[in-house]
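Going by the order they are written in, the chains are A, B, C and D; count residues from 1 in each one.
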Amino acid sequence: MKRILVTGFEAFGEDRINASWEAVEALPDVIGETEIVKWCLPVEYDRVEGCLKGFMEELEPNAVVCVGQAAGRTAITPEKAAINWMASGTADNAGVKYEGVRICDDEVAADGYFASLPVEKIEAVLKKAGIPAQVSYTAGTYVCNRVMYGLLRYLRQQASPIKGGFIHVPCSSDQGAENPRLPSMSKEMIAKGLETALEVIAKA
Amino acid sequence: MKRILVTGFEAFGEDRINASWEAVEALPDVIGETEIVKWCLPVEYDRVEGCLKGFMEELEPNAVVCVGQAAGRTAITPEKAAINWMASGTADNAGVKYEGVRICDDEVAADGYFASLPVEKIEAVLKKAGIPAQVSYTAGTYVCNRVMYGLLRYLRQQASPIKGGFIHVPCSSDQGAENPRLPSMSKEMIAKGLETALEVIAKA
Amino acid sequence: MKRILVTGFEAFGEDRINASWEAVEALPDVIGETEIVKWCLPVEYDRVEGCLKGFMEELEPNAVVCVGQAAGRTAITPEKAAINWMASGTADNAGVKYEGVRICDDEVAADGYFASLPVEKIEAVLKKAGIPAQVSYTAGTYVCNRVMYGLLRYLRQQASPIKGGFIHVPCSSDQGAENPRLPSMSKEMIAKGLETALEVIAKA
Amino acid sequence: MKRILVTGFEAFGEDRINASWEAVEALPDVIGETEIVKWCLPVEYDRVEGCLKGFMEELEPNAVVCVGQAAGRTAITPEKAAINWMASGTADNAGVKYEGVRICDDEVAADGYFASLPVEKIEAVLKKAGIPAQVSYTAGTYVCNRVMYGLLRYLRQQASPIKGGFIHVPCSSDQGAENPRLPSMSKEMIAKGLETALEVIAKA
C-alpha cells in the first residue's frame, strides 16, 4: 500500500486556528489505495525541517505534501518552487526572525528547487471539480518556504524517489467571518481540494 | 403565513451563470413559518423596477429581498443604502448604458434611502454562524442599485409596512474555478447565508 | 474675489502624517481669481462638524471642500454621497466609537445627501490631466462621512448657495515607502490633483 | 568608466505604452561616474534573450538591469529570483504562448537562479528616499522571467563578473488615469526610483 505523509501547521502567533492543519486533520485516513498519514508541524524556522525529516524516516512515505495557510489568497495554490532564502517582518512561534539570509550555505545548495509534485495537473483537476486552484510561483520567504526548500533539497541530494512539495490554502471561512475583507474558502471545500490533490498525487 | 419575495438576477453579458439566481433558486420554499417565493429579474435598467413591482402586486409579500452578484467581494454584504444615480462603464443586457444620471427626477425623490431590512443584525448572525458577512455602504450605480432604489422609494412613498432591501453575494466557487484570482464562496455557503438572512428577516 | 475653504485632517491614531492635510497644506493661497483658505480638522466624531461650521461662519466661503485620506484607494476620489450613519471598528482621536447609529435623528434628516460639487466633472478633468481619479459612491461611515453629512445637511436645510463636498485622497508615497503593499500617490500628484479639482470648482 | 545596460520593454498587445520603457528612456545618460546605455526589448519569448545577448556583446557592460511593467503592483520591486518555466494565459507580441514548459532543458540548467544585484540594498535605499519599494520573490512566468532567467543562466555558466537582474515597476499614473482601480506610480517617481537603484548598483 502506498503512503503519503501530509503535514499542516500549528496556529501562528495569536491566531486560534491554522486553516492548513484544520484541513489536513479533516482528511480521510485512506484515499483509494493510499494511506494518508497526517502530522502537525511547528511554525519555527529552526525546528521545522528536523521535525519533518524525523517523520519521514519513521514513515518511509512515497510522497510528502506540506500544507500551509496563505492569508489573502483566493484559491488552493500548489507551489512550483522553493528558494534558498529566509526573510520576514514577523518572528516565528519561537521568536526567531530572519531578515534576508540563505537557508543553506553550502556550495551545492541551489538557489531554487522545483517541486516534484504534478502541480499543473493538480490545478487542472481541481478547477474541473469546481474548486478554485492555481499554481503559485512563490511560497514566500517564511517558514512555509523554509520547510519546502529543506524537503526538496534533501530529496534532490539523496536522489530520492519520494515525491515532495507544498500546497498553500486560503484562510477558512471561520477566519473570514472574523475578518470579512479577507478572502476565504469553506473548510469543506479546502478539505475536498486537498483530497482531490492527493488523489492526483497517488496516481502520478 | 408570512411571505418573502426573494429575487436573483439572470446571467449578465457573456457569463453563463449569475451567482445570485443560482443561490436564490437553491433556497427552500418554506423557512420556519415563512413562505419563500423566488423570482428572476432581468439585468435591464429600464425594465427591472417594473418587473419587481409586478411580482409584488401579485404576491403581496411581507418583505422583499433582492439579491445580486458583486464580483470581487469576499463576503455576503447586505446593503445599507441605495442612491438616486445610474452610471456604468458597460451596457446592460438590453444594450442600455447610463453614464451619470438620476434614476428619478421628481422633487420628492431623495438622494438616498436606507434599506428597511435589519442589515446590522444580518451581519452579526451570519458571522456568528461562521459565514463571512459585512454591511456594505454602496450598492454601486448599476442595475442592482437601480432596483434597490426603485423598491425603497416605492415603499417609502406608499408608507408601506413591507420591509425591503438588497443583498450582494460573492461570485460562486464555480466562477472562482474559472478565474482563480477572483474571491469566491461555495454555492452551499452562499445559499446557507441567504437562508440565515431570511430567518433574521422573518423574525424581525 | 471668490473664496474656497479647504480642510484636511490631523494625523489619526499612531500615524505621524495624514496625507489629506499634507496635500491641503501644500496648496497655493490663490488659484486663478479664487482665494484658498486651508484649515485642519480634528479626527473626532463629536467635534468635527462644530469646528467646520465655526470656520464657515468666520470665512463666508463660496465653496467648502473637505479632504480626507482613504487608505487602500488608488485614485483621487470625489465623493458623490454622504449617509446618515456612523459605524467603525476603531475609536477616533478622542476615544469615541460608534458601532451603528444615525448621525442625526430628527424627522427631516435625510438618509443620504449628494454633494453639490461637480464630482463627475472633477473626475473627467483630472483623468485628462493624467491623474488617476474616480467618483466614489461611499465616503465610509467614519469621521470623513460624519463631517460630509453634517456639511451637506446644513447647506441643504439653509438652502445655502455655498457648494460643498468631500474628496478622498490615497496615502502618500511616504506612507507607501513604509508599507509597500499599500497603494499610494506622490505628494506632488495629490497636491496637483486637488489644485485641479479646485480650479473646476472655482469655475462651476 | 563603468557602464550599465538598462533595458525596458516595448508596449504589449493593445497597450499604447509600457511603463518600463517610458521610465528607462527618461533616465540620464550618466549617473555619477557610470554610463547608462538604454535599450528597448521585444515582448517575445523566443527573441528576447537573443536580443539582450546581442547588446551585451556589443557593449561589454559591468551590469545589466532589465526593467519590466507589473500591472497591479504598488511598489518598485527588484526581483530576487528567476525560474526555469514559461506559462501564460496570453500570447506574446509574436503570438507565441507557452502553457507550462521549461525555458531550458539541458541537464545543468538550474530550476532557479538568484539575481546578482543587491536587491535588499535597493529596497532599503529606495524606501529611505520615500519611494515605495519591496523585493519580489516571483518575476512571473512570462517574458520578464524568460529574459531574467536567460540572463542569469548565461552569467552563471560563464562565471561572468557582470552583475545582472530584473526590476519590475508599477503602471504609470497615465495608465492609472485610464483605469483608476489600477495601482500606479507617477513617471517621475518611477524614473527617480530606477535612477536611485542604478546608483546603488554602480557603487556595489
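Everything below uses one rule, namely that a residue touches a chain if its C-beta (ideal position, glycine included) is under 8 Å from a C-beta of that chain, and two chains touch if they have at least 3 such contacts.
Remember, predicted model here, so these are calculated numbers, not experimental data.
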| item | value |
| --- | --- |
| Touching both chain C and chain D (chains) | none |
| Where chain B and chain C are represented by their mean Cα positions, the distance between them in whole Å | 30 |
| Interchain centroid distance [CA atoms averaged], chain A/chain B, Å | 39 |
| CA centroid of chain B to CA centroid of chain D, Å | 46 |
| Intercentroid distance (Cα basis), chain D paired with chain A, Å | 30 |
| Overall pattern in which the protein chains touch one another (line/ring/star/complete/other) | ring |
| Interfacial residue positions of chain A with respect to chain B in the complex | 74-75, 126-134, 173-174, 176-178, 180-186, 188-189 |
| Complex contact set, residues of chain D against chain A | 80-81, 83-85, 87, 100, 110-114, 120, 135, 137-138, 140-141 |
